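The chains carry the letters A, B, C, D, E and F, assigned in the order they are written, with residues numbered from 1 in each.
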Amino acid sequence: MKLVTAIIKPFKLDPVRSALAEVGVTGMTLTEVRGFGRQKGHTELYRGAEYHVDFLPKIKLEIAVDSGRLDDVIEAIQSSAGSGRIGDGKIFVAELDQVIRIRTGERDQDAI
Amino acid sequence: MKLVTAIIKPFKLDPVRSALAEVGVTGMTLTEVRGFGRQKGHTELYRGAEYHVDFLPKIKLEIAVDSGRLDDVIEAIQSSAGSGRIGDGKIFVAELDQVIRIRTGERDQDAI
Amino acid sequence: MKLVTAIIKPFKLDPVRSALAEVGVTGMTLTEVRGFGRQKGHTELYRGAEYHVDFLPKIKLEIAVDSGRLDDVIEAIQSSAGSGRIGDGKIFVAELDQVIRIRTGERDQDAI
Amino acid sequence: MEAIIETRYALDTFYFLVCAALVMWMAAGFTMLEAGLVRAKNTVEILTKNVALYSVACLLYMIIGYNLMYPAEGINGFWPGVDWLLSATDHGTEAVLASDGEIYYSRLSDFMFQVVFVATAMSIVSGAVAERMKLWSFLAFAVILTGFIYPVQGYWSWGGGFLDGLGYSDYAGSGIVHMAGAAAALAGVVLLGPRQGRFGPDGKARAIPGANLPLATLGTFILWMGWFGFNGGSELAVSSVESANNVARVFVNTNAAAAAGLVAALLVARTAFGKADLTMALNGALAGLVSITAEPLAPAPVQAALIGLVGGGLVVGSIVLLDKLKIDDPVGAISVHGTCGIWGVLIVLWTNSDATWGGQLAGLAVIGGFVFAMSFAFWGILRATVGLRVHPDDEAAGLDRVDCGMEAYPEFAPAGGD
Amino acid sequence: MEAIIETRYALDTFYFLVCAALVMWMAAGFTMLEAGLVRAKNTVEILTKNVALYSVACLLYMIIGYNLMYPAEGINGFWPGVDWLLSATDHGTEAVLASDGEIYYSRLSDFMFQVVFVATAMSIVSGAVAERMKLWSFLAFAVILTGFIYPVQGYWSWGGGFLDGLGYSDYAGSGIVHMAGAAAALAGVVLLGPRQGRFGPDGKARAIPGANLPLATLGTFILWMGWFGFNGGSELAVSSVESANNVARVFVNTNAAAAAGLVAALLVARTAFGKADLTMALNGALAGLVSITAEPLAPAPVQAALIGLVGGGLVVGSIVLLDKLKIDDPVGAISVHGTCGIWGVLIVLWTNSDATWGGQLAGLAVIGGFVFAMSFAFWGILRATVGLRVHPDDEAAGLDRVDCGMEAYPEFAPAGGD
Amino acid sequence: MEAIIETRYALDTFYFLVCAALVMWMAAGFTMLEAGLVRAKNTVEILTKNVALYSVACLLYMIIGYNLMYPAEGINGFWPGVDWLLSATDHGTEAVLASDGEIYYSRLSDFMFQVVFVATAMSIVSGAVAERMKLWSFLAFAVILTGFIYPVQGYWSWGGGFLDGLGYSDYAGSGIVHMAGAAAALAGVVLLGPRQGRFGPDGKARAIPGANLPLATLGTFILWMGWFGFNGGSELAVSSVESANNVARVFVNTNAAAAAGLVAALLVARTAFGKADLTMALNGALAGLVSITAEPLAPAPVQAALIGLVGGGLVVGSIVLLDKLKIDDPVGAISVHGTCGIWGVLIVLWTNSDATWGGQLAGLAVIGGFVFAMSFAFWGILRATVGLRVHPDDEAAGLDRVDCGMEAYPEFAPAGGD
C-alpha cells in the first residue's frame, strides 16, 4: 500500500476530489497547509511598513491506496490539479507498512 | 522505528491520549484535519441555498515509536478510539529511517 | 529521495528557513500542529476552574530532499532550530518512492 | 403656562424614549456577552436565542404582559386580571393640561421603556442555559416568562400590587428584573444539568473557555452603557430641578458601582487565582451594576462605589461556589443577577431610610419563590413533553449544526466533530 | 413666552441631534452586518467600502446634495437647481421668536439628520455588490448617488417637488431611502453578475456562508437601535404633547414591526428549510423595520406588528426568488430594502387614510424607475471605462489582498489561496 | 417663569448626561480599536487593560481628580489644592431659581461628563504601549494619570488656572485631553522600547498586522459616534436658540472633519503605498476628529472638513515618521492624538479670532511639557522598581498567557508558541 500526499492549490480541491472519485478513491484526509517554493509570495505594506508573505495557502491531501491503483491516482491528481501555473504543487508517494480501520479492525487492503 | 499516524474523531482525543500514556508513549504531534470517507458529510441549507459539508473534522496524531512497541501502540489506539460507529478513523504505519532530537542531537531510539 | 519532517518551535521558523535556504532547499510545506512531549503544558484557571493545555503549538515542516542532501538538511535544521530548551522538537526522516511536480509532470530528482 | 406643561411632558417623554433605546441596546449586550463566552460550535444558536427572545418578549408584552403588569384596575393585590393587546391611545393634550402635572409623559413611551425591561429579564436566562438546551423549548419558556411570570410579579411591586403595599423598595429592579431572571435561570439549570465534561469524574469543575473574549468585553460595555437608561430612566422624570439632579446622581452612582465592581472582581480573581481573569472582571462590572440597581439614587457616589465593590467581590465567590454545587452557568448569569440582585435589594437598607427589613425580605422571598416555582413548573412540563436537552451526540457536535444548520465562524474554527 | 419658544426650539433641535447620532450609528450596523456575511478574504474590502462610503456621502451631501434636495427655491417640481456648499448660517434667536413656531429647530441639526439618511441609502448598495466589485468603481458610484441621484429624487418628495404634490406618502423613507438604495443596488448587481461559484453548472444556487455571524447579529442590533432615530426623528418635532406622543408611538411601532419581522422570518425559514436560519431571522428584523418605515405613526402597535410580520415573511420568499433569478445579493439587501420597501409604501394605504393608491404607486414608479435608470447608466459607464468587476483570479484570491493589501483575520483564517 | 428655568435646567442636565453616555461609549471604542490592532496572543490583556483603566479612571477622578481639576477655590493658578471625595450634594431648586441662569445644570451631571473625559485621556495611552507592557505597571500609571497628572493640567485651562488666563483656547480638548494622553503615551513608549521584531536588523520597520480588523473598524465607528457627545457636550448648554444652534454646528463640523480625515488618509495611503489601507483610513477619521476638537464651533462646515482633511493627511505622515524614529506605537495613538492634537490647537487661530498665537503655543508647551515630564518621571520610577516590560519570553508567548491565563480566541488562533 502507498500513501499518496498531494499538495494542491485550494481552489483545485473540488476538481481533484471528483477526479479521485472517478478512479475509485473513497477516502482521504485533508490538511490546510502553507507552502513555500518557486512560486514567490508577495510583499505588502501595512501602515507603511513592509511584511512578506512567504508561505502561500495550500491544501494537502493524504490518500492511502492499494499499490495497484497508484498510477491511476497519480494520474487523476495530475490531470485535475494543474492550472499550468507555477505553484500547482507536488505529489509524494511513500510506502505504507500497515493500514488499520479502527472501527472494525480490518487491515491493509480491506481497511483502505 | 515506525511512524504511526492515527486519524480519529476529535472527541476521542482524551481517551486515546490516556491509552497511549499507559503503553509508555510520551510524545506525539497533533494536527487538525478534515476527513472524507464512508462516513457521509451532511447537506445544509443556508439562506435557502444548499451547501455540502463533505469533509468532517478529524484529528490526526503522529507518533514515532520504536518498532518493538508498535503493536502495543496500535492496540492502544484501536481500543480507545473506537465508538463502533462509522467514521472512527484509520491507523497508518510507515517506516522511519531516522529520528533526531533537535535539542540534544540524540538519534533514533534515544530520540523518541 | 527522503522526506524530512521537522517539528519546531514556532518562533524558530525564520532562522530555520534561512538555514535551509543556505543549503539549497527551495521548497517546503508548513503545517501548524500541536505537540505533546517531555515539555509539559501548563494548567490555567479560567473563572476559577482548571484547564490543562497539554498540547503546545509547534510548526511542522515537510521537506522532500534528494538523498544526497539529507545530511546537510538535517544539520541545517538542527543548528538553527535549537534553543537548548526542552521542547525544541524532532526531526523524522522517511523514504519517498516518488515525487512528481504537478505542473510539469517532472518526476523525482527533477521534481523536488 | 400651558406651553410649559407641554414642554415638560415632551421632555419627560423624550427622556423616557432615549432611556428605552439604551435599554433595548442591552439586548445586544447580552447577546455579545453570551456569544463570546460559549464555544464556537454553539454560537449561532445562542445568537438565535437572543434575537428571538428579545422579539418574543416584545410581542408577548404587547399582547398581554403590559396589561397584566399595569392593569387599568387590578382585581386584587395578587391577581391583575386579564386584558388583551396594548391600546394605541395616548394622553390627549387637554387631559395633560388639566391633570395638574399628574400626567407627565406619554403612555406609549412608558410601554416602550417597560418592554425593554422584560426583555432584559429573559436575556438573563439564555446565558445560564447555554450550550445544551433545545432552542424551541427555550423559546416556549420565553413566551411564558415574558407573557405571564414576569408581568404578574411585576404587578405586585410596580403595578401597585401587594408587595408595594408591604413596602418593598426596588428602584430599578435588582429583584424584580435581575433576581427574577436569575431565579428562572436557576430553575432551568437545575432541571437541565451541566454541560458534558463540565465536571470531571472526580467531581471537580473543568473550565470550558469561551470562544471570543473581545465579543464578551464588547457585550459588557454595551450593558454598562445601556444601564444608564435602565437606572437613569427609572427615575421616570427629568423635567424638574430635583428630578434632573436625581437622574444625574443615578448616572454617577451607576457608573461608580460598575467601576468598583470591576476592580474588586479583578483584584479578588488576581489574588485567588493568580492571574487577571478578564471574564471575572467583566462579571464584576455587571455585578456592580446589578448591586446598585435596587437603589441607585440614595447613596452618595462613594457609597455607590462601596456597594458595587462588595458586589464585585461577591460575584467571584458565588461563581466558585456554584461550581462546587455543580450548577453549571456558562456566563455567570445566576451569580451576577441572582446573588448580586439579592445583595442589591438588601443593601437598600443602608442608604434608603424608607426601606424596611420586612419589606425587602418579603420582596426577595416572594419574587424569588414565585419566579423559581413557576419557572420550575414550566421547565418541568417542557422537559416531560418536548424535552429540554439536546441529544448528547448533538451536544458534542454543537447546537449550531443541529438547530441552525450553520456555523458561526465557518472559516476559523473547526466545527465540533463527530 | 419667549423663553418657552427658545426652550422648545432647543428641545426639538436636541432631539434631532440625538436621532441623527442614532442614524449615524446605523453606518456601523451596515458595516458589521456586511462584514459578517461575506467571506474572510473579502472582509477588509467591505469594511473599507463602508467607512469610505459614509465619508463620501457626508462630504458630497455637504458640497452639493443637501442644497439639491432642499433648495431655497426649486426651479420647478422636477429640477431643484444647483447651489454649492452647505451654508453655515443658522436661524437667529429673533427670527425664531418672530416666526410664531414656524422655525422650531436648527437648520444645521436638520442637515445633520438628513446627511445620515443619504449615507444609509448608499450603505444598502455596498452589501449587494460585495465580494466582486472594484473598490474604486464603487466609490465613484457613491459620489454620484449621494451627490446627485439621491438628492434629486429626495427633492421630489421631501424637498417639495412633484411627488409631494401627487400625494406620495412616505413618512421616513421606505421608498425614498430604502427602495431607492435597493434600486441602485439592483442595477449594479445586474451589470456585475453573480460571484464565482454562486450558481452551479446546473444553475442551482450554492450557499456561500458568511465568515462571522456574531458580527452580522451585532450589525442587526445596531441597525434596530439606530432605526429609533431614523423613524423617531422623522416626526421632526417632539416638543408638544402631540408630537411627543407621536414619537413614542413611532418608537413602539418600529420595535413591534422589527420583532414581528424577525419571528416571521425565523418561523418561515424553519418551516421551509427545516432549521432556524439565523441570517434569515436577522433579515426578517430588518424587513420589519423597512416595512414600517413608510408609516410608523398611523398604525396601532398590533397593526405595526402585522405589517412587520408580513415583511418578515416576504423577505424570505424574496431572497429565495432572487436566487432563482440568479441575482446574487450576498447580504439580502435588495430583498430587505427593495421588496419590503415596496410593501412598506403600499401598506401605508391600510392605516393612513390620507394616502392614495395613485400617490403611492406614482412614488414607487418614479423613485424606483429614476434611481434604477440613472444608476444603471452610471454603473454602465463605469463598467465600460474603468470596469466594475475585479479580475477572476483576484476574486478567487480575495479582494482584500488585491485592493487593500491586508487580511481581516490574518491569524485565524487562511487567506484565499492561489 | 420659574417652571421655565427648571425646565431649561432639566434640559441642559439631560443633554449633559446623554453626551456623557456617548463619551463613556468611547471607552468601548478604544477597546475594540486596540483589540483589533494587536495580535491575538495579546488581546485578552489589552481588553483587561481597557476595562480596568476606565474603572480606575472613574474611581480616581471621584476620589480626588475632579476636586483637583475644579476646586471650590484654587490655591493659585498653578496649584488647585487638595480636597478628597466627590461631594454628593447638588444644586437646590431655590438656588437654581435665584441664580438668574448662572446655575443651569446639575453638578453631578458635570462630574459625569468630566469623568468620561479623563478615561478618554488614559485610553489613548493603552494602545501605544500595547503588546509589551506589564499589566499592573500600566494600571499603576493609570492611577497617577487620572488622579493627578490629568486633573492638575486640566485645572490650568478648564478649572480656571493660569493657562485660561493666558488665553489658551481649546474647546473640547485637542490639547487638554488628546495631546495630553499622547504625551503620556510617548513618554511610556520611549522608556519601553519597541516590540520584538518590530524593527529589522537593518533598522527598517516591519509590519505586525492586527488580528481582527472588523473589531478595529467597529471601534472607530464607536469613537466617531461618541465624539458627538465629546464635542457636542462641550458647548455645556443646549437650552437656548443660540446654544442649540451651536451644538448642531458642532455636530455637523465634527462629522465633516472625521469624514474628510478618513478620505484624506485613504487617498494618501493609496498614493503612497499603492493600496487602500483600511487601518490608515480609520486613523484618518480619528485624526479628523482630534483636529476639530479644539474648535468645532467657529468653522463653517467646509472649513471643518478642510481642517479634518489636513489632519487625515498628517496622521499618515506622522505614523511613517515615527516608524523612522523607531518609536513603536501599535495603534497609531501618538500620531492621531498627539500630532493631530497639536494641529488642532494651532488651527484654532484660523477660525476663532479670540485665539492668539501666544495662548495656543503656551498651551501646547505647558500641557505637552508638563504631562510628558511627569509621565516620564512616573514611568521611570515604575521601570526602576517593578519594571515596565514583560520578560522577552513572555512577550514571545503573548501577554495573555502570562498576565491573564487565558486566550482571546482559544479555538481560532494558535496561541503564541514557545
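Please note the rule applied: a contact is a pair of C-beta atoms (placed from the backbone, for glycine too) under 8 Å apart; a residue touches a chain by one contact, two chains touch by 3 or more.
Keep in mind the model is a prediction, meaning the values are calculated, not measured.
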- Query: What is the set of chains touching both subunit B and subunit E?
  - Reply: A, D
- Message: So if I look at the partners of subunit B and the partners of subunit D, which chains show up in both lists?
- Response: C, E
- Message: Of the chain pairs C-D and A-C, which one is connected by the greater count of C-beta contacts?
- Response: A-C
- Item | subunit C-subunit E separation of Cα centroids, rounded to whole Å | 52
- Query: So how far apart, in whole Å, are subunit D and subunit F when each is placed at the average of its C-alpha atoms?
  - Reply: 32
- Query: What is the distance, in whole Å, between the centres of subunit A and subunit E, each centre taken as the mean of its C-alpha atoms?
  - Reply: 46
- Two or more partner chains touched - positions in subunit E: 4, 7, 11, 18, 209, 212, 218, 273-275, 277, 279, 405-406, 409, 412, 414
- Query: On subunit B, where are the residues touching two or more other chains?
  - Reply: 31-32, 34, 44-46, 58, 87, 94-95
- Task: Please give all chain pairs that are in touch with each other.
- Result: A-B, A-C, A-E, A-F, B-C, B-D, B-E, C-D, C-F, D-E, D-F, E-F
- Message: So in the complex, the part of subunit F that touches subunit D is made up of which residues?
- Response: 3-4, 6-7, 9-11, 13-14, 16-18, 20-21, 24-25, 27-28, 31-32, 35-36, 43-45, 47-48, 50-52, 54-56, 58-59, 62, 85-88, 90-93, 96, 105-109, 111-112, 115, 135, 212, 215, 218, 403-412
- Item | Contacting residues of subunit B [partner subunit A, same complex] | 2, 6-8, 31-38, 54-55, 58, 60, 74, 77-78, 81-95
- What residues of subunit C sit close enough to touch subunit A in their complex? 3, 17, 26-31, 64, 94-103, 105, 111
- Item | subunit B-touching residues of subunit E, taken from the complex the two chains share | 204-209, 269, 272-275, 277, 279-280, 316, 319-320, 323, 332
- Query: Inside the complex, what are the residues of subunit E that reach subunit A?
  - Reply: 396, 401, 405-406, 414-418
